[in-house]
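Note that the chains are named A, B, C and D in the order they appear, and that numbering of residues resets to 1 at the start of each chain.
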Amino acid sequence: MTQFSLHGIVPPVVTPLTTDMEVDAPSLRRVVRHLIDGGVHGLFILGSSSEVVFLDAQRRAEVIRIVMEEAGGRVPVIAGVIDIATDRCIQHAREARALGVDALVLTAPFYTRTSQAEIVDHFCYVRDAVDLPLIAYDIPVCVNIKLERETLHKLYARKAIVGLKDSSGDDGNMRMVMRDFAAHPDFAVLTGSEITVDYALLGGGHGAVPGLANVDPAGYVRLYDAARKGDWVAARAEQQRLIELFEIVFQGYPDTSRNASGVGGFKTAMQMMGLITHRHMSRPNAVLSDAHAAKVRAIVEKSGLLRAG
Amino acid sequence: MTQFSLHGIVPPVVTPLTTDMEVDAPSLRRVVRHLIDGGVHGLFILGSSSEVVFLDAQRRAEVIRIVMEEAGGRVPVIAGVIDIATDRCIQHAREARALGVDALVLTAPFYTRTSQAEIVDHFCYVRDAVDLPLIAYDIPVCVNIKLERETLHKLYARKAIVGLKDSSGDDGNMRMVMRDFAAHPDFAVLTGSEITVDYALLGGGHGAVPGLANVDPAGYVRLYDAARKGDWVAARAEQQRLIELFEIVFQGYPDTSRNASGVGGFKTAMQMMGLITHRHMSRPNAVLSDAHAAKVRAIVEKSGLLRAG
Amino acid sequence: MTQFSLHGIVPPVVTPLTTDMEVDAPSLRRVVRHLIDGGVHGLFILGSSSEVVFLDAQRRAEVIRIVMEEAGGRVPVIAGVIDIATDRCIQHAREARALGVDALVLTAPFYTRTSQAEIVDHFCYVRDAVDLPLIAYDIPVCVNIKLERETLHKLYARKAIVGLKDSSGDDGNMRMVMRDFAAHPDFAVLTGSEITVDYALLGGGHGAVPGLANVDPAGYVRLYDAARKGDWVAARAEQQRLIELFEIVFQGYPDTSRNASGVGGFKTAMQMMGLITHRHMSRPNAVLSDAHAAKVRAIVEKSGLLRAG
Amino acid sequence: MTQFSLHGIVPPVVTPLTTDMEVDAPSLRRVVRHLIDGGVHGLFILGSSSEVVFLDAQRRAEVIRIVMEEAGGRVPVIAGVIDIATDRCIQHAREARALGVDALVLTAPFYTRTSQAEIVDHFCYVRDAVDLPLIAYDIPVCVNIKLERETLHKLYARKAIVGLKDSSGDDGNMRMVMRDFAAHPDFAVLTGSEITVDYALLGGGHGAVPGLANVDPAGYVRLYDAARKGDWVAARAEQQRLIELFEIVFQGYPDTSRNASGVGGFKTAMQMMGLITHRHMSRPNAVLSDAHAAKVRAIVEKSGLLRAG
């Protein structure tokens, strides 16, 4: 096992695209610098907000290479190896390992419905195939099944996972999981929420993986630092500010899907901030219209991240 | 509008039953004294944990009468008027008002699927029929529809509701709602959770309606008081302790339904503590077996609420 | 056990309402005559399409009395005793029995989630309380739980039910159930669908409970008669015609809820045909606008049930 | 557009695997011969029952090559190009086209939630990329979204699809779709059900894609032929027999997932019939135990497809 420590603000790095749907390397490098300058504690690449499932093996590798190089060892880089089934995940895991990432993130299989027992096997197969720390990713809205508490216990007992990224939206269950693992400091729980990060930290969570940190990494780092110091009033104030900014994810819906509105909202703000060149997403996600973008701009300006035009 | 202030720990009072399924008045009186002695800020009778939907009009009235009399004005009493459709709710509302309760709690209609617009009408019809403060109760797991943020805004704008009891389990959305109403101190948000009460208070919530407060009201009051003082470490410690105690709700499942395991777990603990005579619930809920009860006892003993047998 | 035979077209009789939300007796009598003149084999009153859950005990009794009297023994009358929980259902069952109905229809409990074992108990409690044939009503979209095949087997083994009204929309599972009970002619399976009645009869079903039969009972009777004779081409042709007519249920949505659009569509057509005086439904269901009604009219005219205005 | 005619029994061909998880070519060839000897009208390879989502590009290509060669033009071969998102589907589509398949089958994107409008775009992007007939595959249980009627209309209007494989289990909605397209003989509707094939054909469907036809192709062909002749009694009798055989899919559950029990049940029967060498599925699907297999054997023997051991 490596010395990798999973904690703090670990943004799921968006994947900027060129107009011919290739990885936009200069934009991606700018994003990485923006995040590290903001003080984040790690980078989670190839997650849901990174449009991972839209990327083929070659583009996934390209993202890893660019981010690893730009990060230059300043922060750990963890990579999603998210795919439909075990052997495809193992293939991604081997490629990610060869490129030097610090840890891997894995969901339950999807499309085909599996049992909790089969999910345990799935994680163990991947863990056995690559000697890297594995983080369980609970995201029922995407994979249509919950990683149950008992499943997490079994995976930990079998030394298959070192942590949980919880994007289930079920803060109560996550609280129970944090309680279950409170005596096991080698197991980390990070929330995937943008808007209840202070909650998760109060409840004993080790950090957060908020998509919105692509836009405002320094804000989330301030939130985290305040929480570490036990200054919950300051943590909450920062969280409240970020909740206002989070409204950017709702501006496209229902003209677009929620996903195109959400990740598209991040990309639109980042385009306005000069971080990325284009705001479109992978096909078939619709792109936010100029009218949507104007609404996003108003929210970002109000937050002070962007000077009013 | 009355002077009624909605805040603090407002337990959903369980309804003790005799062996012939009547309201067990002496037990109910003991429960009320136990709660008020524990320092609670109000009593929510005829909610889900009170088995309200199993009770006919006569038994509902009996519960109100007993609790009003025993409370004797020391704390406000709010009553659920939960039923399938508008006119049945209005009937309950009129009876509850005649018996002098301070406010009413109402869910969306159920069985028949309604639209959000029809839900707005539903609340307005009930509000127009009785001149009492109305609290919206969001509990999708029971009524199979969410009270959307926009619906709450419309209801508030039409002066139909003075608050929200959120039992949706979606702490993120509740956080957004608290943000929306932060500038409106005449609108209160209470969580229905047992295990994220410190979260809700940190996020700006006004209180909680935890079923587990039937067992340990003083614990929740300590949690609330710590939060009011801004002592989040103490609030969290109390919450962690209550999370341990909350395990009593899982001991019957899957031998019984989750509901029979949950409310049955409360009743079993309360029986052991000498508060109520019987632990069975309304039909068709299964009763916890002696083996289940032994597991509940072990948890309650460990919490210190009960001397080890 | 009575001589009651459950088969054929058994429409769920809509409940016409006066403007002050009372049962519109003259309209209801016209509907009953319309249905019996159309050749139906039974009447199912107080079902979902009858807005049963909106009606209090007094109005439920009134519906039973009016329909029993108007039917005059020409066809059996079966009554829904649909309510949230066991004891409320038993109360309805006793009243329906006292008024002389031939059989009762019961769903799983709702609001509170129950287990399949508790559902078995629920039906047995009701069956034990009244000496009348009981029909299980599978309608997960309303009660949020499925009556599983094994549950039906247990209920039949305990002589608690004599049949199934399947409104689940899961024609595959219903087919399996029909297979399971094929050797038990004392158990009847009726579909609640309007648009796959020929399927259900081909698969061994005993009949149908289509809400649309309120509008065109004779059409469904022709479908049933053709199927009985083994003339599946004629049965299908009639079904295809009724599918065209079924479009009336979609004209209000999404301006209204699906329920207000569906039952409201039936009522609107029946109003145009002179059967009922008003088309509104119980609160909080929205009423179809004149524009919606015009679309309903066009469909009914095209079907030949109404002369073009 | 090719001369390809989509109709009849088109089994989703299972993918036999070797112990090192490669495509078992000799077994696959035997399966193809078994199916064509059974009289099927086409072969659907790389569908859900083929474990398509578990196979990488190389193995997908291998399946296509083997089946194309073994079929030798005797029946059309249609291939699933099922993957998470548009560009990955296009890649599969190009490879399948290069290998000479007659048509392609495509689902909605999954993992990331899309809107119906984005689904329309998804299909159009794939259709534009390859000049082959495209069949829409509605399987909400896997992709977590429904292909709505209106979406199908739009896709047909844009000449993006030539048919529908409906595995939604919603026979009512499929009936409406068949009605919608009744006047368009260039659009075919096939059911994915094993147990309501007679229904679908009675309702105007053009054929079926039943996984169970891997085990008993001749039975489904007899069913189809009877239906074509209008002999619905014979069609139903064959369907009833196949429903008995269908019980093989339930023997592993809940020890395994439903999928491992279902496709595993097919493979187990096929192994016993000497068609394939191994019955295991792709990881992480559990393999049916010997005890499960014995139950499968008893069902297959009873059906007459296998001599009692």
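A few comments on the model shown:
As a convention for this text, a contact is a pair of C-beta atoms (placed from the backbone, for glycine too) under 8 Å apart; a residue touches a chain by one contact, two chains touch by 3 or more.
In this text the structure is predicted, and so the values were computed from the model without any measurement.
When each chain is reduced to the average of its Cα atoms, C sits farthest from chain A. Inter-chain centre distance (chain A to chain D, centres taken as mean C-alpha positions): 36 Å. Remark: chain B and chain D have CA centroids separated by 50 Å (rounded to whole angstrom).
Looking at chain A, no residue sits in touch with two or more other chains.
Taken chain by chain, the contacts form a single closed ring in which each chain touches exactly two others. Annotation, chain-chain contacts: A-B, A-D, B-C, C-D (touch as defined at the top).
Residues of chain D that touch chain C in their complex: 169-172, 175-176, 179, 193, 195-196, 198-199, 202-203, 230, 232-233, 236, 240, 243-244.
For chain A in complex with chain D, the touching residues are 21, 48, 51, 53-54, 56, 82-88, 91, 109-115, 117-119, 121-122, 125, 141-144, 254, 256-260, 282-286.
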